[in-house]
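Note that the chains are named A, B, C and D in the order they appear, and that numbering of residues resets to 1 at the start of each chain.
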Amino acid sequence: MNKVVADANEAIHDIQDGAILMLGGFGLCGIPEKCIAALVAKGVMQLTCISNNAGIDDFGVGLMLRQKQVKKMISSYVGENAEFERQLLSGELEVELIPQGTLATRCMAAGYGMPAVYTPAGVGTEVAEGKEVRHFNGKDYLLEYAFQADFAIVKAWKGDTDGNLIYKETARNFNPLMAMAGKTTIAEVEELVPAGKLDPDAIHTPGIYVHRIFQGTGYEKRIEQKTVRKKHP
Amino acid sequence: MALTKEQIAQRIARELKDGFYVNLGIGIPTLVANYIPEGINVVLQSENGLLGMGPFPFEGEEDPDLINAGKQTITTVPGSAFFDSAMSFGMIRAGKVDLTVLGAMEVSEEGDIANWKIPGKMVKGMGGAMDLVASAKNIIVAMMHSNPKGESKLLPRCTLPLTGVKCVKKIITDMAVLDVTDKGFKLLERAPGVSVDDIKARTSGKLIIEGDIPEIQF
Amino acid sequence: MNKVVADANEAIHDIQDGAILMLGGFGLCGIPEKCIAALVAKGVMQLTCISNNAGIDDFGVGLMLRQKQVKKMISSYVGENAEFERQLLSGELEVELIPQGTLATRCMAAGYGMPAVYTPAGVGTEVAEGKEVRHFNGKDYLLEYAFQADFAIVKAWKGDTDGNLIYKETARNFNPLMAMAGKTTIAEVEELVPAGKLDPDAIHTPGIYVHRIFQGTGYEKRIEQKTVRKKHP
Amino acid sequence: MALTKEQIAQRIARELKDGFYVNLGIGIPTLVANYIPEGINVVLQSENGLLGMGPFPFEGEEDPDLINAGKQTITTVPGSAFFDSAMSFGMIRAGKVDLTVLGAMEVSEEGDIANWKIPGKMVKGMGGAMDLVASAKNIIVAMMHSNPKGESKLLPRCTLPLTGVKCVKKIITDMAVLDVTDKGFKLLERAPGVSVDDIKARTSGKLIIEGDIPEIQF
């Protein structure tokens, strides 16, 4: 059992044209930078990307969009990306927008072996079109199906050689959910340690969900909206 | 005179009760955090996975792993906790968040809300708004009473694609404080110097006016 | 906002006859000892207890059974308890047995605002009687409803004054799930610290789910089956 | 001669592959952990919330917070992780556990299993067994070939209340190794000194015998 791979190129070597990918992160926070770079370098095309956001023009999933590697985005919010907008309006890119909680829960459902879940999000809106509505305890819910993804690509803070993962702060977001949901799950981490070095009570993603892991180097971790306050003198 | 955005936020802050868990949307709602009354402790939830959101960091102390749902760099307060997006929306759906404040393009007299899509314009997505409005037990909308063209945003029915139906409980605009009731928008307070007739003229949905309508005090 | 109460008696003061309770723990591991003792002392009757197990004759939920405080047990496994068996056979006690994963998932569903979930557990067995069966992707699933409980009573290792909880090892089990599911959630902890002392990345149950918390003293933590191996000399 | 419980466990252990995540039930299945072949790394899952279960603790080192699904005190191995019961059964349902080994009272030739309830006797509950058999992709049953009355436990149909339907893939008893196939129990190996006729006599469900049936080698 060896889950450790040398780098992002090895981790994604068998991702082919037309694959369905999940990519962790919220905005540019907690995104798998190294694997995205490797996917760009490999030039794999016609991808379906399940990712809460679509990055910005020159970072994150936006780098793949720029090379027109993405056939379809499944996201909850895709602003802040001019190239994305151009491709969408020109019909080159297909987009499916779904509520953020529904996106999260459909990932979790896959990881938990639940074929579908009920959520009230989108009832009475165009999101409900074509979906089954069901009434429970005085409220309507939509039936939403678990995602099926060929690969889940996530970014964690620390990981061990057995694939156990710990995320940092709000860089957790969708990462643990997608990690559970991939047929093959690839984790890139800032620090890779031998099995046994992480506190078993503090692990967010147990190694059973992770198939490949590597330590990335030189993380940029770009900030999308730097907001600060002044120090009182 | 109509309220400033800061004043809208300040008025909304009076709706907070001690011990509330609160989700504040982008825009005016974010400003509410600046006006939390003395002696009231609230915990801010950010749907990207945080309870216990603090103010913006000091210059140079930004942490790229620590952002809010508006993707802004933030800090935490003591007692904060991080979790994944499924748990975050789980606690929202389960009604654990006491109050949600968000902006809107339109609100109907039945409490429907539209705030995510304008036909013909680039659609950026609903983010977590549909989950929030479908689940929150107490939703306050913070918005201008009229759109930039001067048209009322308080309508008999929304004209834009809906975000959620029959969910808004209260609206606080630059002109007024209103409850959404079974019978329409019930006027509760008016901005200082704004008359009931001014509000009537700018409200296209059904407006209920009972008795004397006090001015908002600051 | 003050969630801290003095002790178990204060924590359970408003639990009345006929209440529906969830009690965390697996076997005797991670059970809310102090609250159980307080419930026994208070003598509240006609309880419905949702708990994976029913304790043993002289510890855990068994202490409540001995006093005939329990009208109905909802559990996955109720062995190791002679008084339980006597009451069951005499018809004094009602028991609903449900698969352990279903029990866990129905608690989680409540905490996640999901009215119902689909699980394959029990399909084709007597557990499926009267339940809706639905076919997804070539497999049958049962529709199972979220639990509704008046009080969830859980035991954690560490907690803070804002109600954030951290569990130890396998004493986690059902505790975080039930903590999310109670209309009112009571947490007893071995160590209560001021808010800010726990690592926000390591918290298992965010404080939003917890309404009352106290530090218990003198935990017995009885072992149900002590199994050991010999040290090689 | 029929296999001992230890030998059944030893034979089952040969089904393990490197990297497998394995859930071992109470009884004979637990013993499998003692016979994991050299060079094979498996991770043991305990459905009460642990991956990376180790052996029993040394005397005096028991930890009441660290037990397995049989409520026995245990230890962990490096790389272990704890989680709640929902995630535990989540990973089981999602097919992340490669192999489940459990005991049975009866198995049918279609792979149905009964192991939780005997009408007229005190019913203790199914615990996690129904979840495991409904979800696991690869289920091996470890049991005696006959019950204490000498009746076959490999039946055309189960007579006891079912735990799960069409789920058992392989059966390893004190007499034989059998696959559950579309056409019935396929005999693969026999215990040393146990004849095919002995097995036939003790198997009431349909038994398929093709070619020479080798003895299990130890």
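Just so we're on the same page, contacts are C-beta pairs under 8 Å (C-beta built on N, C-alpha and C of every residue); 3 or more make two chains touch, one makes a residue touch a chain.
Because the structure is predicted, anything quoted here is derived from the model rather than measured.
Contact tally for A-D versus C-D: the pair with more C-beta pairs in contact is C-D. For this pair, subunit A with subunit D, the centres built from the Cα atoms lie 37 Å apart. Rounded to whole angstrom units, the spacing between the C-alpha centres of subunit A and subunit C is 33. Spacing of subunit B relative to subunit D, judged by their CA centroids, is 56 angstrom.
For the pair subunit C and subunit D, the distance between C-alpha centroids works out to 28 Å. Those residues of subunit C in touch with two or more other chains are numbered 105, 112-114, 119-120, 167-169, 172, 200-201. Looking at subunit B, one finds that residues 76, 82-83, 86, 89-90, 92-93, 135 touch two or more other chains.
Two chains count as a pair here when they touch; such pairs are A-B, A-C, A-D, B-C, C-D. Interface of subunit D with subunit C (complex): residues 46-50, 55-68, 70-74, 76, 82-86, 88-90, 92-93, 112, 122-131, 134-135, 161-165. Remark: subunit A residues 1, 110-114, 160-162, 164, 180, 194-196, 200-201, 203, 206-209 touch subunit D in the complex.
Taken together, the subunit A residues at the contact with subunit C in this complex read 105, 112-120, 136-137, 139, 141, 145, 166-169, 172, 199-202. Chain contact summary for the complex, subunit D toward subunit A: residues 18-19, 21, 41, 43, 45, 51-52, 76-83, 86-87, 89-97, 135. Remark: subunit C residues 26-30, 52, 75-79, 85, 88-89, 97, 99-105, 107-108, 119-127, 157, 167-177, 204, 221-231 touch subunit D in the complex.
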